[in-house]
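First chain A sits with chain B, and in the next complex the same chain sits with chain C.
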Partner chain A sequence: MAGLVTGLANATVNASTVLILAGLGELISERAGVLNLGVEGIMLVGALSGFVTAFVTGSYWLGFGVAILAGGLISLVHAFLCISLNSDQAVSGIMLTLLGTGLTTYFGNSWSGKSISGFPERTLPLVGEYLVEIPILGTALFQSTVTDYAALLLVPVVWLFLYRTNIGLELVSVGEDPETADTMGVDVFKMRYLAVVLGGMFAGAAGAHLSLAFNEIWSASMTSGRGWIAVALVIFARWRPERILLGAYLFGLFNALQLYSQGLDITLGTGVPLAGLLNPVLNFVLNPTIMSTYPYIVTLLVLVLTVFRAENRELAQPSALVQSYSRELD
Partner chain B sequence: MKLDVELTPREEVPRWMGYGTPVFTILAALAVSAVALVALDVSPLAAYRIMFVQTLTTSFGLTETVAKAVPLIFVGLAVYLPLKAQLWNIGAEGQLFLGAIAGTWVGVNVSLPTYALLPLMFVAGGLAGAVWIAVPAWLRAKLGINEIITTLLFVFIATEIKNYLVRGPMQAPGANFPQTPGLPAAARLPDLPIVGFPAGIVLAIALVGLIHVLLNYTRLGFEITFIGANDEAAEHAGMSKFKIYMIVLLSGGAIAGFAGVSEMAGVQGRLRAQFAPGYGFTAIPIALLGRNGAVQVMLAALFFAVLFVGGSSIQTLLSVPAAIVNIIQALVILFLITAEFFKQYSIDLSLTKRPDSNAAGRVEGDL
Partner chain C sequence: MVRKQLTRRDALKAATTTGLIGLAGCSGGSSSGDSDGVSAAFIYQAEVSDVGWDRAHEDARQAVTDQYDWLETEFSEAVAPGDVQRVIEQYISSGMDAIFGTTFGYMDPMHEIAPEYPDVVFEHCSGFKTRENMGRYYGRLYQARFLCGVAAGLLTETNQLGYVGAFPIPELVRQINAFVRGARLVNPDVTASVRWTNAWLDPPAVTQAVNALVNDGADVINNHQTSTAAVQTAADNEAYAFTYTTSMADAGGDWYGSSALFNWEEFYGPTLEAINNGNWESEAYWNGLDAGVVGVDDFGPQVPDDVVSEVETYEEEIVSGDRTVWQGTKFEGESDEFLFGEMSSYVEGIEGEVPNS
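Presenting the complex of A and B:
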């Protein structure tokens, strides 16, 4: 039993890093009022460019850097369309996902199946040896790749950035009320550009984590829908960075449970089969395929909940989300 | 010196733009994609020749194109109709899955002669598609929750439900593959006599005509367009936003459901786990290209059908990854929404001396 729980914890934490990175990026963008449905595509661009760089140069650090840069660059397209041209944010985002998927499948063809040695798992210096001994969560949290640690560290960093720095507060104000922010001297365009590009860099990093640390290979569409989960995760987190961490673990847990539930004993170790009708119900509820819908269902419920609690501004979505802003023409 | 960009909203969109934009967009997307082809040492001319000329001049290519166009016309309309009321049905893919599930279930489990079975399958598929969009539709119409996110979330749920069903309750007895039993002959759409096209195209064209008439010649169509143009004014005029939103979204869901049925009964013959055509996303450029009317939606769907069929030809003949089609698709959207901007604003560029305009300091205070 303890082995199972440890294994589950390991799998959960492993699966959550990519969601934390991509989720934080999407959150920054949405906080400034720009929905980015291109995360999936940007992640793929990051994963491929990072992988190719690491493969050619032999440096996974360089690969990681290039992926972040590539993520920022391709998200500029979204920024230009949505912020400068006031285009439909949903359509532009989906375009970016199609473009990212298409470009990486097209140009990544010859790289698929190749593998590299990416970021190694390390314990923290000095304290690491002792922390790893912590039961259940020890190895999950303290025997990780540097990208895992970075993702964890970025949660408080983003929190501090958004709530405790001038530039972060300006960014959030642009997502809440661009007109007022503008009259107060905040450059709405600059802030939104910054947020979208920063968000793209996070998504690029998330992709690079997948190809350089998590899988250490490149294969077409290897993000397998994680970009969309990141979009859902931001709603689940109600646009708060600290809840991204919580949500990512929860989504990661569902992911891990899926792997483990395939051999799950629904008598819960008692050996006594549960009573008649309950069995098919449990079988359905615990079916690994059905389980993978739970994160989306939970996200939907949270979405409905946020509407009923809209008066509590702390918990609601940025007021100007999905709204374009133009100064001269209104 | 400073580059001055002056935007003036156009009072009227020039007539040529309405018709010229889709054509220009497609040409621009093909021109840029040519760069990707050159990058892989493939002659774009040869590739496009195979893609378009060969596809449209061989009877095999034509039949394939029409078969591909059927679901694309349906999903295109499924996005186009709600778009008339300014709503985005991003989840056509999910509604298509539900339509395919319900249609296949009826086809496999109900034994009736063809003339009764096929309509029943379409009714079941349409209902399933409508049910699948009902929650997002209600959330949008009643609570104002953004339909983009909710319809999208439902795609992922639908995908897993499909995967679950073909691996469990609907799996063909004794089969090792995750797939349903094959549809019986009575549940298959026949090919048209003489031309040999799949019969689904007749339904698709009929629906195009129906929606054209609905939007242009009926009161309901007028209300839909009015709400899309100015929802506040429409409500002042006594129209029910709730009613119209529910109608366009539920019809959209049902039409996407038809796409699933026609694909099962006309092309695939059974539902498989790996059935994930991505039509729901292709529906977006189709609806955008065809914004001016249902007939244009059909033409756009035909264009993408040619692209898909031609894309798989160049994959086999020139070993070009079929993903080039994704790239062209993305570029079409990219250029379309850029063109949208130029339709709305005329732009004047001029060079002026930079004025001193960095005086406005930020007011400190509670944000």
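Presenting the complex of A and C:
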């Protein structure tokens, strides 16, 4: 049982890094008022460009850097369409996902099946070997790749950036009320461009984490919908960076449970009252396909609950989300 | 994405048959048996990459194209089932004699379109529908999985095997059963555990699943998903890895077990010859080790010689017909129809039950 819990903890933390990185990126973009549904496509661009760079140069660090740059570059397309041309954000984002998926499938074709040696798992210097001894969570948290540590570290960094720096506060203000921010002298276009590109860089890093640290392979569509979970995660976290961490662990736990619960016999014995009725229910609830929908069901629940808790609503979604901004006053 | 090269023969054909394609059947001008050879189109659902399902078909296409000077082939990749009829019609209008559709999703579109072109040979891989001019073909990959199982049973020290599946359909259940049967035949203490990822391609989930299986004590892993993720994660955990369709020796390194391979050229070769000689007939091809259409890859560097020779003994028994995979299991004596389309429970030694898909 202890082995199972430790395994589950490891799997949860492992599955959450990609969600933290992509989720933080999407949060930054949405905080400035720009919804980016292209996360999935940007992640794939990051995963492929990082992998190819690491394969060719032998340096996973260089690969990681290139993936971040590529994520930022491709998200410029979204920024240009939505911020400069005032195009529909949802359409542009979905287009970016389709574009990223198509391009990486085409150009990544000859790279599948190749392996690299990516980021190794490391313990922290000095204290690491003691921390790993901590029961259950020790190996999960303190024997990880650099990208896992970076994701954890970025949660407070993004929080500080958004709420404790001038530029971050300007970014948030642009997502709440672009007109007022503009009047106050904040360059709405520059801030939104910054937010979208920064968000793209995070998504690029999330993709590179998959191909350089988690799997160390390239495979077409290897993100398998995790970009969409990241979008749901931002809603679940109600646009707060610290809740991204909580949500990523929760979604990561569902992901891990789906695989670990299959090894358990969870049927109730005949001695248990109502076993005949409860077993089909258990079967349904623990069916792997049903379990993979849990992150979305939980997100729906959060949305529903938000409606009933009106006092919290104004703290949640950026007021100007999905609204394009034009300086021409009418 | 149709790759089309216009040849002189195509041009001549186009010049003489323009507007008359529909009448070809009446005029007896069928291309089969003609001295001008055979042209065949191969259609794949995904882009062909270095490993996996489409790679195995593409390798075979290249092999037969090199082998026969009377044969010309072309291929299309990334063709969605919804588009396959249009692609087929394009090929037929350019004079193709035979169409090979290589994914389950093409079955209904091909079945629908085949009667419209009675002089064209249609062959569909992995489905169950046929027509007078549409055959179906598949390989008994489970026989190769069985041999991998024999090796796994001898290699395991924990007596615990792990298997990562995609979807719980008969095709996968059959291969899992064969693998575990092979292992238990040489090592009755072996048990196996299965994890379903509910995706044909999801490398991170495969990695998680392999970790979960290793965590449970498995030291030999097999899998059914189109990527090297399982092989590579198993190697990271110092567990032996077996896989399927193409070799993944590079990804497995020292811990590579082997792979259950499709050698489709063993089907394509004779079939194309039959088309060329004019004696092709629609049939349900489901051959295995004896026909060479499935096989086992070279074993990894750490697999001892006595394990390999034990596998070879079983291989000979199956090829000679002295043994079947299902001998001594509850599936002994079941019909091919059952084995192909209805197997939906585990053999002895596998934990749990097949989930409702």
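The rule is simple: the second predicted complex is superposed on the first by the 312 of 330 C-alpha atoms of A that agree within 3 Å, B and C clash if a C-alpha of one lies under 4 Å from a C-alpha of the other, contacts with A are read in each partner's own complex, and residues count from 1 in each chain.
Basically, contacts are C-beta pairs under 8 Å (C-beta built on N, C-alpha and C of every residue); 3 or more make two chains touch, one makes a residue touch a chain.
Worth saying up front: this structure is predicted, and the values here are computed from it rather than measured.
On the superposed chain A, the two partners chain B and chain C do not both fit; they clash. Of the two partner chains placed by superposition, chain B and chain C are both touched by A:Y106. Judged by the touch definition given at the top, the superposed model places A:V91 against chain B, while chain C stays out of reach. Contact with chain B, but none with chain C, is seen for A:I297 once the two complexes are overlaid on the shared chain. In the superposition on chain A, A:V127 makes contact with neither chain B nor chain C. Contacts of A:L76 after superposition on the shared chain: neither chain B nor chain C is touched. Touch criterion not met for A:I167: it reaches neither chain B nor chain C. Of the two partner chains, neither chain B nor chain C is touched by A:L153. Once the two complexes are laid over each other on the shared chain, residue contacts for A:V5 go to neither chain B nor chain C.
Using the contact criterion defined above for the overlaid structures, shared-chain residue A:S219 touches chain C, although it does not reach chain B.
Residues 105-106, 109, 220, 287, 289, 292 of chain A contact both chain B in one complex and chain C in the other.
Note for the complex: chain A touches chain B at residues 35, 37, 77, 81, 85-88, 90-92, 94-99, 101-103, 105-107, 109, 169-170, 172-173, 176, 181, 184-186, 220, 225, 228, 231-232, 235, 287, 289-290, 292-293, 296-297, 299-300, 303-304, 307, 322, 328-329. Those residues of chain B lying in contact with chain A across their complex are 7, 9, 36, 39-40, 88, 90, 135, 139, 143-146, 148-150, 152-154, 156-157, 160-161, 163-164, 167-168, 281, 284, 288, 321, 323-327, 329-331, 333-334, 337-338, 340-341, 345, 360-363, 365, 367.
Chain contact summary for the complex, chain C toward chain A: residues 46-52, 78, 193-199, 201-205, 207-209, 211-213, 215-216, 226-229, 232-233, 248, 250-251, 351-352, 355-357. Across the interface of their complex, chain C is touched by residues 3-4, 6-7, 10-11, 14-15, 18, 105-106, 109-115, 210, 214-217, 219-222, 224, 226, 255-256, 259-260, 262-263, 265, 283, 287-289, 292 of chain A.
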